[in-house]
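In this document, chain identifiers A, B, C, D, E and F correspond to the written order of the chains, with residue numbering beginning at 1 in each.
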Amino acid sequence: MKVCRRTTFNAAHRLFNTEWSDEKNLEVFGKCSNPNYHGHNYVLETWIEGEIDTETGYVIDLKKLKELVNEEVGERFDHRNLNLDCPEFKELKPSAENIAVVIYNLLRPKLESKYKLVIRLWETENNVVEYNGE
Amino acid sequence: MKVCRRTTFNAAHRLFNTEWSDEKNLEVFGKCSNPNYHGHNYVLETWIEGEIDTETGYVIDLKKLKELVNEEVGERFDHRNLNLDCPEFKELKPSAENIAVVIYNLLRPKLESKYKLVIRLWETENNVVEYNGE
Amino acid sequence: MKVCRRTTFNAAHRLFNTEWSDEKNLEVFGKCSNPNYHGHNYVLETWIEGEIDTETGYVIDLKKLKELVNEEVGERFDHRNLNLDCPEFKELKPSAENIAVVIYNLLRPKLESKYKLVIRLWETENNVVEYNGE
Amino acid sequence: MKVCRRTTFNAAHRLFNTEWSDEKNLEVFGKCSNPNYHGHNYVLETWIEGEIDTETGYVIDLKKLKELVNEEVGERFDHRNLNLDCPEFKELKPSAENIAVVIYNLLRPKLESKYKLVIRLWETENNVVEYNGE
Amino acid sequence: MKVCRRTTFNAAHRLFNTEWSDEKNLEVFGKCSNPNYHGHNYVLETWIEGEIDTETGYVIDLKKLKELVNEEVGERFDHRNLNLDCPEFKELKPSAENIAVVIYNLLRPKLESKYKLVIRLWETENNVVEYNGE
Amino acid sequence: MKVCRRTTFNAAHRLFNTEWSDEKNLEVFGKCSNPNYHGHNYVLETWIEGEIDTETGYVIDLKKLKELVNEEVGERFDHRNLNLDCPEFKELKPSAENIAVVIYNLLRPKLESKYKLVIRLWETENNVVEYNGE
């Protein structure tokens, strides 16, 4: 049985490889390399797989999952500049893929090991990524 | 090849463990334990996995799948109180997880064994569960 | 300039005219008259019309509007049975239309008179009503 | 890590088995067998599974994936009659399932073999199919 | 008080001015002039403005409105070719604008004169038109 | 008759009143005043009101409207920092309200005077503003 809580956060970011010239960055990342940043309304789906607890009928209390996601993800990234404000992206490019990995790694240790975790992250209504830790 | 039909039903429910005190129920289920019930617009995705029939180009006729889902799920649960009107939830708490299990068990025997079945149920636009019978 | 904040609440209700027979109620309200209630995920759009404040760039602070809507509407109706728990619907049938009127009348006195108010309420993804106080 | 690009195309089609009588076609395909065609706004999700490239933070550049999908799918099927204009459906019935298979077979050879490919195709907001090549 | 019922229909169409050359048609209508037609999933919002009936709490019974729309619009246009199957578009180009006018004119005489009617029609998720009879 | 084209752009911004202290800015704008910016996926609905042209069936060619919006709005604001990159917001706070006014003023002179123009701008899925030039 899998369950999911959907949440959102709004952040600025920029894609840029410091080892490349500005020309190469523009060629590869296009408008995403704009030095003054742009931003997104990220939509995060946190999927948990586990057994139903017969006492509650829940796999996990989705209210508590929401609180956990808000503490670990919302307070870190909402209304922030991922490149400048967030040490997680000091070295790592804040692509949707890497943001999903970072979120997975933030939530995984906070969840009991009996649960499987999958992160699905929408960067725009047309772009989405999914990561299960492998 | 997987195919899916999306349908909806509207129902009232309440989450309550009869072996617990009212205080414990309120602590665990919060507003979901309100004695006079609340309700949801459930969105049901019925996913079928199978081979394409070369005569029709279909895995299964989605119009017939829609009729089956309406007979087995819509007529049972739409505009009902899951706790009071539906014997399926006499003993079982009508959490989204358990509703998905009940729907799976209602549809599974009505479908040919060559098909795999997955139930995805949205309780709100932010909460969703998925069950494949395992 | 118009601005809007979208919020949601989940509630149970029943449509029933106490001056009519059960047969007439069933004929007019169909499944909506089920004595044990059913429910919906209501989506509420609160639209405010006014001038932009040059100091803030806002017509109204949407965070404060959200808090007002949660206090006046969310705390009253979310996870409630509109017929049984809410004195507003003691005499009044909780149709989407009447719920919109009640919400309008709750919010109107809490907003400065310089603002126009329009309430748009989705009962399902296919049914929606709109009320501007007239 | 999986990533997806969502695109759309609008096309006419008709479901009809040339080996059957008109009566049998009507019985099986219903309104979908209308001789003058009907149409859909197809929504295509192209899912790619692979490793993150550390230089870019991407699994695949979604702008390039979008261009590939537009070349291979958009230019072939958008604003076309699938039965009359598209040789891919000369013999094959243009059901959502078969359209997904055709799109998979068009895109698969254009993608590096290190990538897994899954096609998800929405025919309407209620009907969706998914194909992973198996 | 305004109320709305959302419905859908799927149809093929083509935009073509018979008084123009093929070149001019292609120049003005682009891919929309493809001689073999293309198609859309049209989403229709039927808005009615009127007073709340105190006996029912309804402006109009949305189940009955749905039936009326299905009779007048669904049975005429769903799974049809608007140019070939529908006499309404013998002379009239089936642009979204003209389809909205035709639907307005079909529904207006079937509704009591006390109601105002507005038709909103989505041709794609990005194109929408609205007509109030004026 | 009204017609609308929906488009999107992604941008970074920050709300800050230079005449206020940092404390007052934080108090009024909250997380929106973060000095390193955050961002949004803006969804823009450009509504045009006018008469149907009988030669085309169009009020305005929505493909041309899309091109106009991309030239005037997309090229200016997409993947930009509204505060730093866009002279329009040198003095003006880039609230959703003000962005809508700026977009209205950019498009109005490019449209024939026979058309009425309304701008609807979604900043998030829950916040939306609308401006008609008055």
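To be clear about the criterion, a residue touches a chain if its C-beta (ideal position, glycine included) is under 8 Å from a C-beta of that chain, and two chains touch if they have at least 3 such contacts.
Bear in mind that the values here come from a model prediction, so they are computed numbers and not experimental data.
Student: Identify the chains adjacent to both chain B and chain E in the sense defined at the top.
Tutor: For chain B paired with chain E, the chains in contact with each are C, D, in label order.
Student: Going by the average position of its CA atoms, which chain sits the greatest distance from chain A?
Tutor: E
Student: Please determine the option from A-B, D-E or B-C whose contacts repeat those of A-D, over half of the contact pairs being identical by residue number.
Tutor: Most of the contact pairs in A-D are shared with A-B.
Student: Are the interface residues of chain A and chain B largely the same numbers on each copy, more than half shared, or largely different?
Tutor: Mostly different residues.
Student: Could you grab the centroid distance between chain C and chain E? Build each centroid from C-alpha atoms only and quote it in angstrom.
Tutor: Whole-Å distance between the two chain centres: 29.
Student: Between chain A and chain E, tell me the centre distance in angstrom, where each centre is the average of that chain's C-alpha atoms.
Tutor: That pair's centroid distance is 41 Å.
Student: Just how far, in Å, is the C-alpha centre of chain C from the one of chain A?
Tutor: Whole-Å distance between the two chain centres: 34.
Student: In chain A, what residues contact two or more other chains?
Tutor: Only 30, 125 qualify.
Student: Which of the chains are touching one another, listed as pairs?
Tutor: Result of the pairwise touch check is A-B, A-D, A-F, B-C, B-D, C-E, C-F, D-E, E-F.
Student: Quick one: in the complex, what on chain C touches chain F?
Tutor: 1-7, 52, 55-59, 61-63
Student: Under the stated contact criterion, what part of chain E meets chain D in this complex?
Tutor: Its residues touching chain D are 8, 10-13, 30-32, 34, 36-41, 78-81, 84-85, 124-125.
Student: Spell out the residues on chain E that touch chain F in their complex, using ranges where they run on.
Tutor: 15, 17, 28-30, 92-98, 100-101, 125-131
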